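Here come two complexes built around chain A, the first alongside chain B, the second alongside chain C.
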Partner chain A sequence: MVDFGFKLSSSNRIDLDSCDSDLFLKLKAESGTIKQCIACGSCASSCSAANFTGVNFRKTILLIERGKNEEAKELIKGCMLCGKCTLVCPRGINTREIILSINQYYKKERF
Partner chain B sequence: MEGDVLIIGGGPAGMETASRISDFKRNVILVEKERELGGHILKWDRLFPDGILASDITNELKASLGNTKVILGSYLASIEKRDDYHFVAQLSSGEIIRCSSVVLATGFKLFPAQKKQEYGYGLYDRVITNEDLETRFKKSEGLGKEAPKRVGFVHCVGSRDEKICNKQCSKLCCITAVKQAIELKQLYPDAEIFCFYMDLRMYGRGYEDLYLEAQSKYGIRFIRGRVSEISQDQSGLVIVKAEDTLASRPLKITLDWVILMAGIISERENDYLTQQLSLQLGEDGFINSLDPIIKTDQTNIPGVFVTGSATGPKTLPEVLSEARSTALTVNEYLNKIKNG
Partner chain C sequence: MKERIIFGYDPFVIPFTLGVIFILLYLGTGTVRILLSLKREEAINLLSSIFSVKIFKTFKDILFDVLLHIKIFKRNILLGYMHTSIAFGWFMLIFIGHIEVILYTPQRNGVIYYPVFFRYFVMETSQTLRGAFFFFLMDLFLLIVISGVALAIYKRFRSVRLGMKRTTRLKTGDKIALWSLWMIFPLRLLAESFTADISGGSFLTSTINNLLGRFAESTLYMDTIWWAYSCALALFLFALPFSRYMHIPTEILLIFLRNAGIKSTSSRDGFAESEIYSCSSCGICIDACPMSVSGNKSEYTSVYLLRKLRRRRQDSLFMAEQCLMCGKCVELCPVEIDSCRLKLLKKRENFPNKIFDYDYLGKREPVVESRANLEKKSKVLYYAGCMTHLTPQIYRSLFNIMDRAKIEYSFMDRDGSICCGRPLILSGGENAAKDLVEANSKIILSSNADILLLSCPICFKVFNENYNLKGVKVMHHSQYINLLIQEEKIKLKKGDFSVVYHDPCDLGRGSLVYTEPREVISAAAILKESSNLPNESICCGGSLASRRFTQSERDSVTLHSLEKLNVNNPQKLVTSCPLCLKSFAKLNKRETLDIAQLVENQMI
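And then the complex of A and B:
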């Protein structure tokens, strides 16, 4: 068979019909505040790690809600748990608790 | 002094209610704590969406007060419901008022922006509020003779914020920011203007058009992100930090001026009145209507009515329409108690 150099790409879209909501459900059960986000970006704006790393809590919980857990995990890797995001959140989301829970989830379940 | 209706608050809601109840040949007493009628719009220059002068509206409202007895510079020291149909109130001047019904048109308060310390209002000279800017427009001062190069508007200051216990959306600030941004651009055509918003709530007729005009005609730039912090540099310019949430990157900008859109909060100074009358307040501090759709101007106490932004943030046309409907409700109530 002639190789034309074409290949199948994996889908880039968010597929809400078959997404992995395991982590989101766990976080929702542990701390209801994760559902309260209005995506204002205060957390990412005040983040002491965000100027030099890709840390972005707003995007993390959005991606978890959309079932993109692996991508989300990468976005809190540089977090130093300073807690500024908890202080500024206008919806009173317990950001540190959620970050710790995500870390715990990956330590227990995946590694 | 005796009257059929005692109206507390001489802003647009109180004035319009007074003039419409007077039309029914009722004795109306209107009490205003300031020395002038008008309320908040006294400090406002032009009104959205068409730029009508606020002073024109105030004058028109004042002119139609009819036989209303207006008491200025006085507030209610106490109020009591005696028997079923009568209220006895004492003013700060000591004067006693007897009336058959009471309308609370006590309005709102602008969020004191210094409470949001991270924005530096009161600390940095070039951080001012929406109200300060209107006062400057009124005095034809603008932002001074030296044209600013860059100005930023910060939306939702004291609104939608659990950290300062104001969860509600103030509703008017989005369109006010767009209006003020356009006015600044008209004054200073070369200035770059930025609006930092979380959501733009352009719900009224003509608002979306104004937003579009702000973008296309005036080149005002909208950045989706809540400002987390404002600081000052050595030259006195202000540095604003936010997340550009649509680009998912932290953002920093140096500006000549920052305008904080202080939100609408309940007038807690009247808490003693609502307590004395046993009125129900919502979690947000605004007075609760008997129901939120049909009986919006009635309260849990018969004979006590509420109108305007005492029940939550409202635009001026909404306030005036509600005031007219309150006048009908009050008149109906007075007819009913007269006929037993």
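And then the complex of A and C:
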């Protein structure tokens, strides 16, 4: 192949029809509030854990909506469940419930 | 007093005797099972508490709690009378029955059914003073029990009159036991009345015998009624293990175990089992619970959770996750069942421990240490915690107060805190929280501070209970401000406005700090009481323990709490918890302040 000095990056497009929406649907059925997120980022900016590591709840929701469940779990596993995000969320999203549910989903014991 | 029936036996005693044998076997196996599940040291504690002076306390507790129900009396006299009359009256009937057997028919000692059916088997030959005395006592206690049963029936229909807005919903086993219990005593009255002209009676039975004699031939119905009485007893005894009345025998075991200092270690088995079976479904916790104000959430109150645990239902986890862990039900429970601990254990058993990962807290990177703002080594180390970081007005006021008092302090988490770990523990993550506890402990101990000063009762409780900070005194800022006032480091002028104080759950019931905040407020303003006693204060609705409460459900709890706080029409509401402050300030029409803000305003 001719070297043009740059490469085509692989497609980052997510096919929402074929992605793994199992977790998202379960979370939606469980509390329903997850779909109200407006991605304002208040949760991430007030996050206690984010002072030390990459925990980001806004992004976690986004990832789950797109079926990237493993990534979401990895992103949120440092959460200390402190509850600041619940208090600042303008949409009244039950953030800690969702975080625990994600982890419980991966524990595969119960949902 | 002579025996009427030579062999001292009649077939009608069979149902009752079978029932007694069944229940004794059942209780025996249950007790052995619970005792066997005790750990070695727990068993030793139990033995040493039985063979020491502690046994007197155990007997006193049994008398006061199981027989006299003193705690329910304190809540509502009528409700207390209902419980006492049935429990104590019935006990006395059995007890005096045995004495009668010992005195009059000693040859029948040890025959199970004899004391219960004494009046059937004996025949009075002459009036004796002794007989008249015992017969009088028996009639008296029967009357007392029947009055209690009448109240119980009345309560099923008009519970409000006995101080209860809601009563517990009953299950089939409960209903059978309940109805047979209601039947037992009227039947006993009838049966003893029918035989009163043969065996003798007193003011109650003899009178009824006279009345009945006018229109019924007593011998005709006598056997039938005694059969019915025996059957009602048998029905009750057979239904007992499947009903809430298991609390009667179990509570005795519970008191023995509790006085030996044993605590539950699983949500269902061992000691927990004795707690679960000791719940009398009295329903006091339903009215007490702040969840009850929000729609159908009263289904999740402790009494129903205990019931689910008893039946080993998996949805007990979901119920435990609803609870706000405010501790009010435990505070008011007449049996002192620590249902909150059972809920915690239930959540702990299901917590996804492996997934949460706090390696970033200093294990790999030393980032945490440098974050601690220990620029100067001072005696007071202030930790705001996550919640106070959302209400910076609290620590700003507190810092102003400390500056005025010329106190040197350092701010441990100015650039963001490592959570104290309690929210995690409340969700069941006791193990996961160890990492947070360790990281925070390291910082605190390396600071050489004497006092760890906190603004958040949630942190306060966990630093007291789960941390091992030797040499460091953990103080809540309401205590610390009180100390500053006492040492005259700050002076306050008493304002002419009235305030009401809200006891945060984790500071009041959770840590028993009631007086200091009140002393501080009394120095700064006119303190009005709310409609609740301090130890019955109602959760602000913000509790981090509940994983399931939605925002609107939280709001209804907040409004309920506010309504009770504002009954005496205070001008301001003062609390000492950042989370309470946030919850209340949102919905209270009056000014809502933290205690530090109030003091700052009134400083001279």
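FYI, the second predicted complex is superposed on the first by the 96 of 111 C-alpha atoms of A that agree within 3 Å, B and C clash if a C-alpha of one lies under 4 Å from a C-alpha of the other, contacts with A are read in each partner's own complex, and residues count from 1 in each chain.
Keep this in mind: contacts are C-beta pairs under 8 Å (C-beta built on N, C-alpha and C of every residue); 3 or more make two chains touch, one makes a residue touch a chain.
Nothing here was measured: the structure is a model prediction, and the numbers come from that model.
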**Request:** Quick one: classify A:N51 as touching chain B (first), chain C (second), both or neither.
**Result:** both
Using the superposition on chain A described above, determine whether A:K59 touches chain B (first), chain C (second), both, or neither.
first
**Message:** Per the contact definition in the header, classify A:A39: touching chain B only (first), chain C only (second), both, or neither.
**Reply:** first
Across chain A, the partner (chain B or chain C) reaching more residues is C
Review point. Who does A:I14 touch here: chain B (first), chain C (second), both, or neither?
Key: neither
>> According to the stated criteria, A:A29 is in contact with first (chain B), second (chain C), both, or neither; which is it?
In response: neither
Intersected contact list for chain A, partners chain B and chain C 46, 51, 87-88, 92
The answer for chain C against chain A in the complex is residues 314, 317, 350, 352, 354-358, 360-361, 367-368, 371, 386-387, 389-390, 415-419, 421, 423-424, 427, 429, 436, 542, 544, 547-552, 579, 582
Residue positions on chain A within touch of chain C in the complex are 31, 33, 46, 48-49, 51-53, 73, 77-84, 86-88, 92, 94, 96-97, 100, 103-104, 106-107, 109-110
Within the complex, chain A is touched by chain B residues 118, 156, 160-163, 198-199, 224-229, 241-245, 248, 250-251
In their shared complex, chain B is touched by residues of chain A numbered 38-47, 50-51, 56, 58-59, 87-92
